[in-house]
Amino acid sequence: MLLVLTPTITPAERSAVDEAIRGAGCTIAETHTRRGMLLVVDGDLDRVRQVPLAVFPGVRKVIGLSKPYALSSLEHQAEQTVVAVGNTRVGGGSFAVMAGPCAIEDHATLLAIATQVRDAGGNLLRGGAYKPRTSPYSFRGLGLDGLLMLRDVGLEVGLPVVSEITDPRHIEACISNLDMLQIGTRNMSNFDLLVEVGKSGHPVLLKRGRSATIADWLNAAEYILAQGNPNVVLCERGIRGFDTATRNTLDLAAVPAVRAQSHLPIIVDPSHATGRSSFVAPLARAACAAGADGAMIEVHTDPTRARSDAEQAMLPVDFRDLLDDLRLIHKVCHRAVDA
Amino acid sequence: MLLVLTPTITPAERSAVDEAIRGAGCTIAETHTRRGMLLVVDGDLDRVRQVPLAVFPGVRKVIGLSKPYALSSLEHQAEQTVVAVGNTRVGGGSFAVMAGPCAIEDHATLLAIATQVRDAGGNLLRGGAYKPRTSPYSFRGLGLDGLLMLRDVGLEVGLPVVSEITDPRHIEACISNLDMLQIGTRNMSNFDLLVEVGKSGHPVLLKRGRSATIADWLNAAEYILAQGNPNVVLCERGIRGFDTATRNTLDLAAVPAVRAQSHLPIIVDPSHATGRSSFVAPLARAACAAGADGAMIEVHTDPTRARSDAEQAMLPVDFRDLLDDLRLIHKVCHRAVDA
Amino acid sequence: MLLVLTPTITPAERSAVDEAIRGAGCTIAETHTRRGMLLVVDGDLDRVRQVPLAVFPGVRKVIGLSKPYALSSLEHQAEQTVVAVGNTRVGGGSFAVMAGPCAIEDHATLLAIATQVRDAGGNLLRGGAYKPRTSPYSFRGLGLDGLLMLRDVGLEVGLPVVSEITDPRHIEACISNLDMLQIGTRNMSNFDLLVEVGKSGHPVLLKRGRSATIADWLNAAEYILAQGNPNVVLCERGIRGFDTATRNTLDLAAVPAVRAQSHLPIIVDPSHATGRSSFVAPLARAACAAGADGAMIEVHTDPTRARSDAEQAMLPVDFRDLLDDLRLIHKVCHRAVDA
Amino acid sequence: MLLVLTPTITPAERSAVDEAIRGAGCTIAETHTRRGMLLVVDGDLDRVRQVPLAVFPGVRKVIGLSKPYALSSLEHQAEQTVVAVGNTRVGGGSFAVMAGPCAIEDHATLLAIATQVRDAGGNLLRGGAYKPRTSPYSFRGLGLDGLLMLRDVGLEVGLPVVSEITDPRHIEACISNLDMLQIGTRNMSNFDLLVEVGKSGHPVLLKRGRSATIADWLNAAEYILAQGNPNVVLCERGIRGFDTATRNTLDLAAVPAVRAQSHLPIIVDPSHATGRSSFVAPLARAACAAGADGAMIEVHTDPTRARSDAEQAMLPVDFRDLLDDLRLIHKVCHRAVDA
């Protein structure tokens, strides 16, 4: 950590600064420059970071040189994390496809969709039981009944299942019925919920908040990891942008940006990112080409009957074609990564 | 509701559209234009909105002419809501100031701050007990002990108290100890929590989410109102912007924009919006001049000892001067509103 | 066009509205709904759009049902535009790679880079002569000398050349020396400059403005097309976002979004979008997989000597590997498009 | 300037770094920390900033400790700049109101508006002659005829006049007819135009670009100042945001943020920021309360006949009331600033 002092700092102010730093168990080295004095602070930075040095009189600026201790960082773990979800592995060079309807509606529809997802080569079945909806008057999901339906259909077709948890009071029900717990974009900073899924040890799919920087997102992952649960998969699903041509702005640069600083796997959800079914295939292909570890895609056998997000649902026939493309692109990129 | 049909719609597709609309209990009137057929849909629009007409073959576009039924709207209630919080009233022409430390740290510090807040003319005491923090390694508040401390100090100085609730499992503790429940920016879309504070009937301060449009925000308020709790005060606290010169981007146009469509009171938090203590007074004055119903301001007797957000805390002496200005500006603007 | 009237509109107000619409040569059809009267306006909408009907007393809302007449739209031209730039064609199923240094520095360096670009399979040579720089104290390019250098090197290696024009007074010099004129992100809304390059008839590469919606961008293209110049290629290069992890936010969904409404070719610039050389290859691959018509990539033989944007320059060896990948991915996606 | 080296830097890499720094005339001081070596670079930083040290092998990060030399900074000039525009002064404690129609339409309308602006207490007359419009098919202004009309009406009513310049080829015509040259939001980064108005020495109103940070904006001002023209007034007019409830997002924190680092006066344009006439008065009052040096406001005697931006035009009667409020608020805030 580096402190830039003002040229007018008084001896008393300087003493207060030194005392606060030394009180946090750190050492100080001075460097003079034309523009004023710098203090290089070394030692247990986690402690000194709790001291608000920036508001001490005589301090012009505090500059962090290293990141806070982070379990998600490449400094902590160099090799990529691989998260096992049922019989599927996310991370480590494969491309995992999670697919299914936005909301679970009834057993027959879910089974029809799940069968198509499996036959096309999908790896996990997704479906919403607790649905956060912008308006309280929209369909908000079947709740526990939906979870049970998802579990049953997952077993029937032989796919592990993932669904969103929105309330810490649902943790038992979710753990018993799901292979992977999804934290949705609206709850990325619901820290009480993050702690709860952290304690569970269960695989977690952590979607990026709409206004979250990559640093915010990795800090959210840190809440889970800090509870001793290493099974975190990140999911880029679009951030808030100014153009209404798409529902959100897919930030595909998040894939290499996460790679550059974290060992956690990252997948991409082009369905929520764009909100339009005809944009999903091109952006799923792009996600694969950018090096993502998988994709989450909404599929519905009859979008005109979908009770949620009908405009972004792919038809099974298009989904099958897309998965063929993804296999080919993944081969090219894997070659690119190996080279 | 208006449907724009494609010129190439087939009779079968048209029948499917008509059937879906009539099945939802609505009527259809046709209008021809040079560019194609329009259908004007009338009747119980809340039901027909659940049908995904936009994905029906032959439909080019669906245009909503009226908003979903909204308890927060001026159509529902023309006169402004006034929320009573202890001995203070928010809305109805007054300017309510909620102030105190970011986090509750200890009884003596809180009492010292609260005394200054009251003596300067503040109306409510704020203080965080459950602190959502970006990093899991930051100070996260005293929890229940903090709530009790806040209640005690509030009684001591004679100010009602407000603090953030972050978990539905804390609802009992929060209701027993607080006069007003704050929903923070990170939980604006935590709908399970919104339902819980809605059921409580307690006054709620609903902060705007960092990436929330005004429509999203009013929909969040709707979750609370729909539970039969009319005591909602909105709080603009800055949205995510691209400029790092301030912590967030204070969207002061939200004040007239909310006024133009809702009867709910709206206050402004310039402390979190800017993150810098020297920017707080100018923007608090601006909020008052823009017609806000109040402000929430962080005050600390010694920012160098603050355990959270030290850089945005005002000193009591500056806070007192600010409140003098606000009284004068409020008088000018009230005159403006009355005119 | 549709007008929603207020229920309280007076006969005099209604007459004023009708008169204004009929005065613009349009017809009016009335439709009654429970919530009030609608007017469907038909006829020469381009004229009636110049009348500010939204501010007429008694009008609640004006809703456009069709877009302003647009030369860039698929309604105007269904088949994709193909722009010939020297011996290269952009659009029509190929993938054109424009590459070279950010700024032209000297003949020897430019020639070395150009040779590598050509040998790797690049199709156009790029290089900045007039460099818009955020600070007036940064290197701002060699100007006319740079243009001449670029033309000479282009001829030497057999590649057409593209460079940015920033001032309408440079139009002659740019036309004489360049195969394609680039409008940079900062000048996307410099309409006088757009008109000038429109009049020239020369191929134009129109970069997206940092805060431009896709609609804004197509309107900028319209300025060029409206001068009778059909040779416009769009270039997505990242928009302003809130995350500083990358220089800009690459909006790759712009590729399918432009496709869905325009016949103009669109390429992607991952170098400026990300600002980091290690992110360029993954996002160039992603652009190709998303269906873009090409990419613009910064290449430098020695980034430590680059006078502009050194951090985003690729080395020739990495560029060569990337082009190999792009050829393979393009084959997969072309197959996808043909299917 | 500070360089953080990687722990694995080789002696040869280190030599290259040292050589580049010393070659730019700077000195190096080393500091060791637990996490690696720091180099403190001192001397002529403007030169060493041109060297892309961040891409040198062995360098992990480059951290700037001081800003590039900036004529706009408080370090360069502590007292606020006062810009004289005809008989009006902007900056120095007054509150200057620039008002008039969006576009100049005809002499009679302009005169009627100008008379009302002057009688209400406005200080400058604004009116657009060269109008940048999103669509090429919108009314684009009267050009030179408009300028002449504006000059004549300005003389008639006794107000100095300001209008936008969009093309360097118009500089002579603009200088001869205007008291102040406006650079619009779309041209904030049109550096050739900035240099031209810089050379002119004429007062300049520099609007903030829609996607410009405050740092970008001050750099644009620097282009003008660096030509020897100190007469620059900044104008905050809203930045691009994600909420369509207003046309732009007014960033009122820009007022204290500019104050904290620059001596240039700053005014606010609530008309373009919001795009809705009923939001203009509250935000003009807010701008004054936030400490701005003035406001730019669109006024029209008959918005239903306005040829541009009719929805944001204030009526003269409302404008007069607003100016009464502004005088009162200004008095309160001036008192606040003096205290």
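The letters A, B, C and D name the chains in turn, as written, and every chain counts its residues from 1.
One rule holds for everything that comes next: a residue touches a chain if its C-beta (ideal position, glycine included) is under 8 Å from a C-beta of that chain, and two chains touch if they have at least 3 such contacts.
Predicted model, so just to flag it, every value in this text is computed and none were measured.
Chemist: In how few steps can one go from subunit B to subunit D if every step must land on a touching chain?
Modeler: Steps on the shortest route: 1.
Chemist: Farthest from subunit B in C-alpha centre terms, which chain would that be?
Modeler: The most remote chain is C.
Chemist: Can you give the whole-Å distance between the Cα centres of subunit C and subunit D?
Modeler: For subunit C versus subunit D, the centre distance works out to 26 Å.
Chemist: Roughly how far is subunit A from subunit D, going centre to centre by Cα mean, in whole Å?
Modeler: So the centroids are 38 Å from each other.
Chemist: On a C-alpha centroid basis, what's the spacing between subunit A and subunit C, in Å?
Modeler: Taking the average C-alpha coordinate of subunit A and of subunit C, the gap between them is 31 Å.
Chemist: Could you tell me which residues belong to subunit D and also touch two or more other chains?
Modeler: As it turns out, subunit D has residues touching two or more other chains at 211, 239-242, 244.
Chemist: If you look only at subunit A, which of its residues touch subunit C in the complex?
Modeler: Residues 211, 213-215, 239, 241-246, 249-257, 260, 273-274, 278-279, 281-283, 285-291, 321, 325, 328-329, 332-333, 335-336, 339 of subunit A touch subunit C in their complex.
Chemist: Could you pull out which subunit D residues touch subunit C in their complex?
Modeler: That would be residues 16, 20, 46, 50, 52, 54-56, 68-69, 132-140, 166-169, 186-187, 189-192, 209-211, 216, 219, 222-223, 226, 239-240, 277, 303-304, 306-307, 310-311, 313 of subunit D.
Chemist: Which residues of subunit D touch subunit A in the complex?
Modeler: Per the touch definition, subunit D meets subunit A at residues 2, 4, 29, 31, 33-35, 38, 40, 42-43, 61, 63, 65-66, 240-242, 244.
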